[in-house]
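What follows is one structure encoded as structure tokens, with my remarks underneath.
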Amino acid sequence: MASAKEMIAYRAAQELSNGDVVNLGIGLPTLVSNYIPPDVHIILQSENGILGMGELCMLGEEDKDCVNSGNQFVKVLPGASYFDSATSFGIIRGGHVDITILGALQVDETGTLASHIVPGKMVPGMGGAMDLVEGAKKVIIATTHTAKGAPKLLNKVTLPITAVNKVDMIITELAVIEVTKEGFLLKEIAHDTTAEEVQNLTEAKLLVSSELKTMLPYQE
Amino acid sequence: MINKILSLEEAMAFLHDGDTVMIGGFMACGTPEIFMDEIVKKNIKNLKVIANDTGVPGKGIGKLISAKLIKELTASHIGLNPETGAQMTAGELKVTLVPQGSLAEMIRAGGAGLGGVLTSTGVGTEIEEGKQKITLNEKEYLIELPLSADVAFIHGSVVDKAGNVFYNSTTRNFNSIMATAAKTVIVAAEKIVEIGELDANHIMTPGIFVDYIVGGEG
Amino acid sequence: MINKILSLEEAMAFLHDGDTVMIGGFMACGTPEIFMDEIVKKNIKNLKVIANDTGVPGKGIGKLISAKLIKELTASHIGLNPETGAQMTAGELKVTLVPQGSLAEMIRAGGAGLGGVLTSTGVGTEIEEGKQKITLNEKEYLIELPLSADVAFIHGSVVDKAGNVFYNSTTRNFNSIMATAAKTVIVAAEKIVEIGELDANHIMTPGIFVDYIVGGEG
Amino acid sequence: MASAKEMIAYRAAQELSNGDVVNLGIGLPTLVSNYIPPDVHIILQSENGILGMGELCMLGEEDKDCVNSGNQFVKVLPGASYFDSATSFGIIRGGHVDITILGALQVDETGTLASHIVPGKMVPGMGGAMDLVEGAKKVIIATTHTAKGAPKLLNKVTLPITAVNKVDMIITELAVIEVTKEGFLLKEIAHDTTAEEVQNLTEAKLLVSSELKTMLPYQE
């Protein structure tokens, strides 16, 4: 039985198309690369300065100079390139990343995101998240639907904001939600839930798509 | 030709208590460790550090954090070094968090003589605080101001005796832009080669930016 | 892997009358000549060209000038092509002159998603006209706005099939920044190599910026 | 007998020190590199993307990819590097060029320069001149003292301005003049002229240095 995280990562991977330039956030989003369909070739960007990032290194394969933005040793694929941080964020801010998949603390129905800080508790800093959310052509949030039962999909973000009106889509273990001008549009639900149950775990009102589908179930 | 090669001890004479210092690297990859060790050894204090992050305890800029040598920090991320957060909470360290892309542009602007850059990153967030905003074509931008430093400590994978630097793989990160933005730039070289050994097309930081070279890194 | 290699004829289908076009090169060094010839051959007109200069008659962008295909020009220097000045004086060509460093930053800003940059270059000169000024720390700056284009025609010395580009010597000039700032980027390659033949450290324009590759240049 | 241009270039070359990063404008300033003392090693920048530029190529020596900003084939010295135009003007605007030596149409006693345009006559555009004058640590104007007898050193520039209050020093075939807050300070005169004669050919008032010297005479 797949974990919620695996299910989310699996479904998020289906959003990627051949040739897409993709930046995956640290944590859950990184798992997405495990589930990319074999006929889909994407170009992974790592904001510390790689295009064409490959797999994590196995023990003994490490090149001490080649890490990803999570400070893990990685390989690069043929055709990869390296660059400095200003160029890297020129790529990001300039709209040359097709899709970024990131985690979230909170998202609201206007597509506003909080992901980088919990005052008094967690103060890691925004790293590259603010620029990624601002600059990527499509922003997908991959997150568990709730935090220990507390809704993360809200009417209005209450934590410090990472970016305003920028999230396009939210993928959780329960649902796929598009952020529209009218608010959250429920497009898919997991096979073992109902729109009502998803609504109960969501603070903001969900508009239910007339073409509501069942989420593609997880496959090894 | 001017000799730019110094001993670690000689190089450290250019850093003083209270200086503003840029330190290259991304989570300690491409951070010049020999300088971190020497700053700790010499106990140079009250530093105002500009860097992407503070590494992890015991690695990269984490060494300066552990030794409590930093008074003010401008960075994009401190999450992987809990000591940084603890010192901040205790009021021992003033931290200014800046989005990573804005940080890179601010450093570049400092080196390139720009008065600032306009970015929409951070609009509508706490990053706006104290910053001038401007609206162009109905879109809001923050004016992010240039950053510069007294000293920049950078890493170089291969450095020729004229100070030309080649950075291998992901070690380039903030090193190449910081090399342009400080009064004194000192590179920790993994390998020092003769002038002419680096291909002019492969040089990532022209030698004019580098004041001093110290060998023995990495 | 997506095939990016096109014939000259196929590539030119992406350019239309009236398009805004960036063209790389500095006095025709690093200007993609095969595209200049093909634009003339296809008689694609009313172009709005952004480039450093207009080369000399019969060379580089000078070919487009001679054929009177340019309607508006943004450049830093037109002095070495008297035909450009003559068309301007005759009212056939609208020329906007921009300081070379500002032009480079405006193109870079267009590619890097910046809303603009602040430069003191041009303060107190005719360059100020129609531009917003801002005073920071008692110094005046012009806000120079980003430039972007429908199509960028660039030169590449060695290009791999993924579109990664290496520019030899001084051919880099405006090519690498223009590659970031246009909807469709087409490179004229002197040499096309297999993916993986270019060292990842030596790539100056990552392949994601290049939409199409045409061989047969230079 | 040396020409005025040779004399100016020769004298200007004496302003350069070991290790200086120098950008020479097109025309007369380019001649300066012919007269640099043999024990002085400077680093020539060419704004099209070279640091460490060497001599002009002789016929047959040309690399088609390597030109200077005047579009002449050049060699590069060991330790040279190449870069793009944004980086090149980062070097220039960022104050990393120690000295630029440029020509002029007019300079006035406030250090304001006109060098790039004569309305209705010559419209070449400013190229890199505006950034060079704005960004270089020291701006030296190397020019004939008059244009066919008409003064070029004025009370106030009348042609379109290239940069305001930026010129530090003017070197002509007759004089070396420092631009001070008080105006033009005559520091050296050619051996075959007098301060009075120089003043007669200069519109702006010349303050004469108490240490007025004779210009170093031209030597092959």
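Going in written order, the chains are labelled A, B, C and D, and every chain counts its residues from 1.
The working rule: a residue touches a chain if its C-beta (ideal position, glycine included) is under 8 Å from a C-beta of that chain, and two chains touch if they have at least 3 such contacts.
Chain by chain, the UniProt names read as follows: A, D = 3-oxoacid CoA-transferase subunit B; B, C = Butyryl-CoA:acetoacetate CoA-transferase alpha subunit.
All values derive from a computational prediction rather than experimental measurement.
Among the remaining chains, those touching chain B and also chain C are A, D.
Contact with chain A and chain B alike is made by C.
Across B-D and C-D, the chain pair carrying more C-beta contacts is C-D. Rounded to a whole number, the gap between the C-alpha centres of chain A and chain C is 35 angstrom. Separation between the centroids of chain C and chain D, computed from CA atoms only, is 29 Å. Centre-to-centre spacing of chain A and chain D amounts to 55 Å, using the average Cα coordinate of each chain. Within chain B, residues 105, 108, 112-114, 119-120, 167-169, 200-201 each touch two or more of the remaining chains. Counting partner chains per residue, chain A has residues 82-83, 86, 89, 92-93, 134-135 touching two or more of them.
If you sketch which chains touch which, the pattern fits none of the simple shapes: not an open path, not a single ring, not a star, and not all-to-all. Applying the touch definition to every pair of chains gives A-B, A-C, B-C, B-D, C-D. In the complex of the two chains, the chain C residues touching chain A come out as 1-2, 108, 110-114, 160, 162, 164, 180, 195-196, 200-201, 203, 206-209. Residue ranges of chain B in contact with chain C, taken from their complex: 105, 109, 112-120, 132, 134, 136, 139, 141, 143, 145, 166-169, 200-202.
Partner chain D is touched in their complex by these residues of chain C: 26-30, 52-53, 75-80, 85, 88, 95, 97, 99-105, 107-108, 119-127, 157, 167-177, 204, 218. Of all residues in chain D, those touching chain C in their complex are 46-50, 63-67, 69, 71, 82-86, 88-89, 92-93, 112, 122-131, 134-135, 160-164.
Those residues of chain A lying in contact with chain C across their complex are 18-19, 21, 41, 43, 51-52, 76, 78-83, 86, 89-96, 134-135.
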